[in-house]
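Shared chain: chain A. Partners: chain B in the first complex, chain C in the second.
On to the complex of A and B.
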């Protein structure tokens, strides 16, 4: 999560998105794991304005949702670091966004769709070669019984 | 068929109970009939019936109990769109391609790959949304639904969460007469766009395969529409008919082949049972692995019986929120997984894709280009004076309906055209395993044939002969009549000659006839018709024959 958030920060600063986008994305991901039904209005534009108010995440749970195993020692080590990132995002809560239209991504110019015309990817061999466990013609994976 | 029923009865002699089985029997028959139209091989292997075991007292208790409960059924349907390429990349998708051949960095979820939406997916979604009488969201978006499973290489599925492209619609359908008929309107909660996952194959046997599963990513990223119904259905038939109507709809719209065997139309059913009069729903159970209409219907009726039985025995606590699988072989549902709390999919807006904005012009353009939909067609056929059975038959398959419509525009009589199509033509298609587009007969020639019989150029009998020639080899009615010299003889003098010839050649029968055995008229008529090579006008023939038979008596 921490590294993900940092990536996000980098991405945003380099492509100069509106500030609220950053806020919205992070907010949705870390603070509201359960999706909000009125994503446009409530999630992004109602600011919980009173200061750095984001709660630190429950790290073991966070790790579990990302299927990452952390030792108790690692939890101890990462918790303050992630806490710092969260705090940093918390400061953004103070920005007054009442008058700003919510935005969830960079505006793209022009057509960003594709016509329904098939094209075969040329370098399939290289992709297949990179699969850790491949046995013609299948990708082998550990047996999984339960989806959830 | 019977063996299927028997098997399920046999495997649960104490649990299940004949009422639903009897009901189910019709379902099987019905679905078999219908599947002949739409698809093949839904029916079970038919084995000779052994004997039906006597019903336990439990079955009577259940029959009684089932009157006190009602089932509430909602269906989630995944429709695979028949676009040439996947939803977010240009990989071609063809069912049955060798595994892992139609893949690219996007659908394999490689880092840095950027999805680009196929416009055809939006077009298909709008078509289906409009056809389901939905409210369209002019401004929707894609979201990421996170879950970890090997058939989903990215670790998330691109779907639509809180703003689906279409909401709040409904679908109309007519139940077949064999189930009591009747019109139904079922609510549609939402329609949204998403991508399919790959296929995970659990290989059987071998010690090694215990540890691993196999993945084919050809299907990963193929566009789907998920159509969610309101919990408006009350039994297996209604649910199966709902699914059948959706299939019809997507086929009419040309957005999917709707083939259940190939998984192009997949139904997940949610069922709960509650005492009649109770407002709150019972505990919901989901059933998966339904790959034919008859399995939808039978699985639901089985599940209703299971739940009613538990309710009636005061064991309703045994009904837990879970996913059950329909086992076609055993004809029962079995626990697949229990649901422990809601899965946390951690949805968030897909940052790699732009929002989906529709203009009213775009939507109107699609609305104006929609074909006549099954419901509209049925109501039109009904107004033409056709019986519901005819209406359902003709409108079931878009191509049959089109054949019929064209035949009518060529001037054919409505009822006669219906009879030909539903009778000899349907029988021929069934025998030869052909679709209506594959037969050599054209609507133009069918209209011609009907007209030729109606105006007396040929007899009905000859008409039938010509029909089979046209079905198998094509050609024109006029051409065949001329080539085979089949024009009906309406000249009384000519017919009279044949009648006299037959009477003189059959003195014995004539004597018997005049002795009171008047049934022999049919024999004589047959002989005359034979002599005329089937060309004599039957009305005229009988009139003249009677005159002659009775003349000298």
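On to the complex of A and C.
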């Protein structure tokens, strides 16, 4: 439902949307959560460090990446809390996990994907009615600027 | 046969508490207010016993309707009246349906015409507000979806309706399921019916409180890391988290897709099992739903008077050692050990089992859940649905809509997940957490090869005070230690009330968690049902109901 609707955005073809993480984030849901899908890595040119030198979180930059505006007060309030949680995550660095395969989810059943054939959603009108700003046949958004 | 079983010593006063009988009988739906008192207990003849075992409200409803003892309208009215009386104290609902009575009347007409009734006919069901309902708002407890009504029913909701269930309303939750207290709802804080100064647990706190206070008969919740089981424990009701894949998630607002499941609440094991059966099965709209056949869970429910003296003879039960360590309240530990004794009395062989990787599950869970949430919640951008903040440029519109729409806990988890998935950090966090998931899956498998089921507390404590842990995320996360590993392994688990600790006006319930092998909900339900039917000296009816009626 997402990608089809976005393609209707007035005056914007998918190729003119900013090629940043957000775009991929909104349109590549079917890729998630595969361990080999490193869209974040390839599309996010922020920190390239790897290995043991993990930088502490840079909150304003994370907020930009996650597309959430933060007030200065929120930055002040969140930074220590997020820092604490990430330090706490760090305990996994000390665990010997060599040669352990990652599991993308509970290993209870194989995938049973349906055929990749488009289907018409029955209650299209109700779905369209939920769009905050709609002008037949377009979802209207403000101007798109690629700041990067 | 279990006369040697003692309740926790500190609570032995419950045994002689003369108000227990009174409390039970006062559960007759508001008989003092209704000109026509209606009660299931008169039908099932359980009012004779001072401590009757929990009975199935679903089966009683069916019996009442088919035998014409009660009309669906009478039943619905009595529940709605109690809902209205208790709701100002509890605030468990974000939306109450205005068509309950109309649906009940329609059902009564069907009964008059002798039409076939669905297995859930007249059953009053509440739905957690992160599960989509086409005729009611579905906000997930978030401002970003304030006023949003989805264009479809979740598959679980559709099945309930098709079987005759009546949706009472939408229950409160921590925003998008992110929390363990229901305080992180953007709209209201829900109170625990056992003590309204305490949290009902979370994130499905509204669904648990509503069932506990008999505002509805059963309810749906969702469980990503314990969000059905921990509130079930806090509110003294039965909570059932099915195997990953057992129930379609179509229409469940995604939080962490590798962990999320829809689960059931009831006041009895039978009700949780019947509701699970109603919503289980493959759904072509959810590729992760299993094609396995759904067994008839109700076949597991052996009638009390047919039970032999050792009905669970030979069943091997593993008590998870790591769940009784330091940091767990002594009242909880003692209630769970008493429950283990009870299981031994029933013929089980209970031994301690160690899951050495148990404590790693908690950070691994929070890495996976926050990472996946940062991706899943990217859809709330104010473009296609939900609330939009006007801006003159698209990026600002995204950023401001999300800033205004999300609460603090949701923002922090998205930011944390964004960090964990950042370039170069993926291997250190997300991948390692997935490796820990493999380790945990294997250790559960080993433990479940040697035992039929595993048991543990559902939470390290009983319900705590509102605000107590609100500003300390790590303290709140720590409370999820008993439940998150089960989600990482995708296993089915049940929580059922097993005892009390001191606190509040009438004690606080403690839940026992039972964990089974994948797709073996049937065994869990069988053991839980026998445990429940033979548990003595405990009535899990919160004082709020008696107080309200008096």
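Here is the rule we use: the second predicted complex is superposed on the first by the 78 of 148 C-alpha atoms of A that agree within 3 Å, B and C clash if a C-alpha of one lies under 4 Å from a C-alpha of the other, contacts with A are read in each partner's own complex, and residues count from 1 in each chain.
Here is the rule we use: a residue touches a chain if its C-beta (ideal position, glycine included) is under 8 Å from a C-beta of that chain, and two chains touch if they have at least 3 such contacts.
Treat the numbers as computed from the prediction; the structure is a model and nothing was measured.
When the shared chain is aligned, chain C comes close enough to touch A:78, but chain B does not.
Within the superposed three-chain model, A:65 lies in touch with chain B and with chain C [touch as defined at top].
In the superposition on chain A, A:114 contacts both chain B and chain C.
Shared-chain residue A:105: touches chain B and chain C both.
Legend: residue contacts after superposition of the two complexes on their common chain; A:93 is shown touching chain C, with no touch to chain B.
In the overlay built on the shared chain, the residue A:137 is in contact with chain B alone; chain C does not reach it. Note on chain A: of its two partners chain C and chain B, the one contacting more of its residues is C.
Put simply, chain A uses residues 25, 29, 33, 35, 38, 40, 65, 67, 104-105, 107-108, 112-114, 121, 124, 127, 133, 139, 141-144, 147 to touch chain B in one complex and chain C in the other. Contact residues of chain A toward chain C in the complex are 1-2, 5-6, 9, 18, 22, 25-26, 29, 32-33, 35, 38, 40-41, 44-50, 54, 57, 59, 62-63, 65-71, 74, 77-78, 81-82, 84-86, 88-89, 91-93, 95, 97, 100-109, 111-114, 121-124, 126-127, 129-133, 139, 141-145, 147. The touching residues of chain A, counted against chain B in their complex, run 24-25, 28-29, 33-40, 65, 67, 104-105, 107-108, 112-121, 124, 127-128, 133, 135, 137-144, 146-148. Note for the complex: chain C touches chain A at residues 134, 148-152, 243-245, 257-259, 282, 284, 287-292, 360, 363-364, 366-367, 371-372, 374-376, 378-379, 381-388, 390-400, 402-403, 406, 408, 411-412, 414-416, 418-439, 441, 473-474, 477, 487-491, 518-519. Residues 83-85, 89-92, 98-105, 108, 110, 116-120, 122, 141, 143, 146-150, 161-163, 200-202, 209-217, 337, 339-340, 343-349, 351, 353-355 of chain B are the ones touching chain A in the complex.
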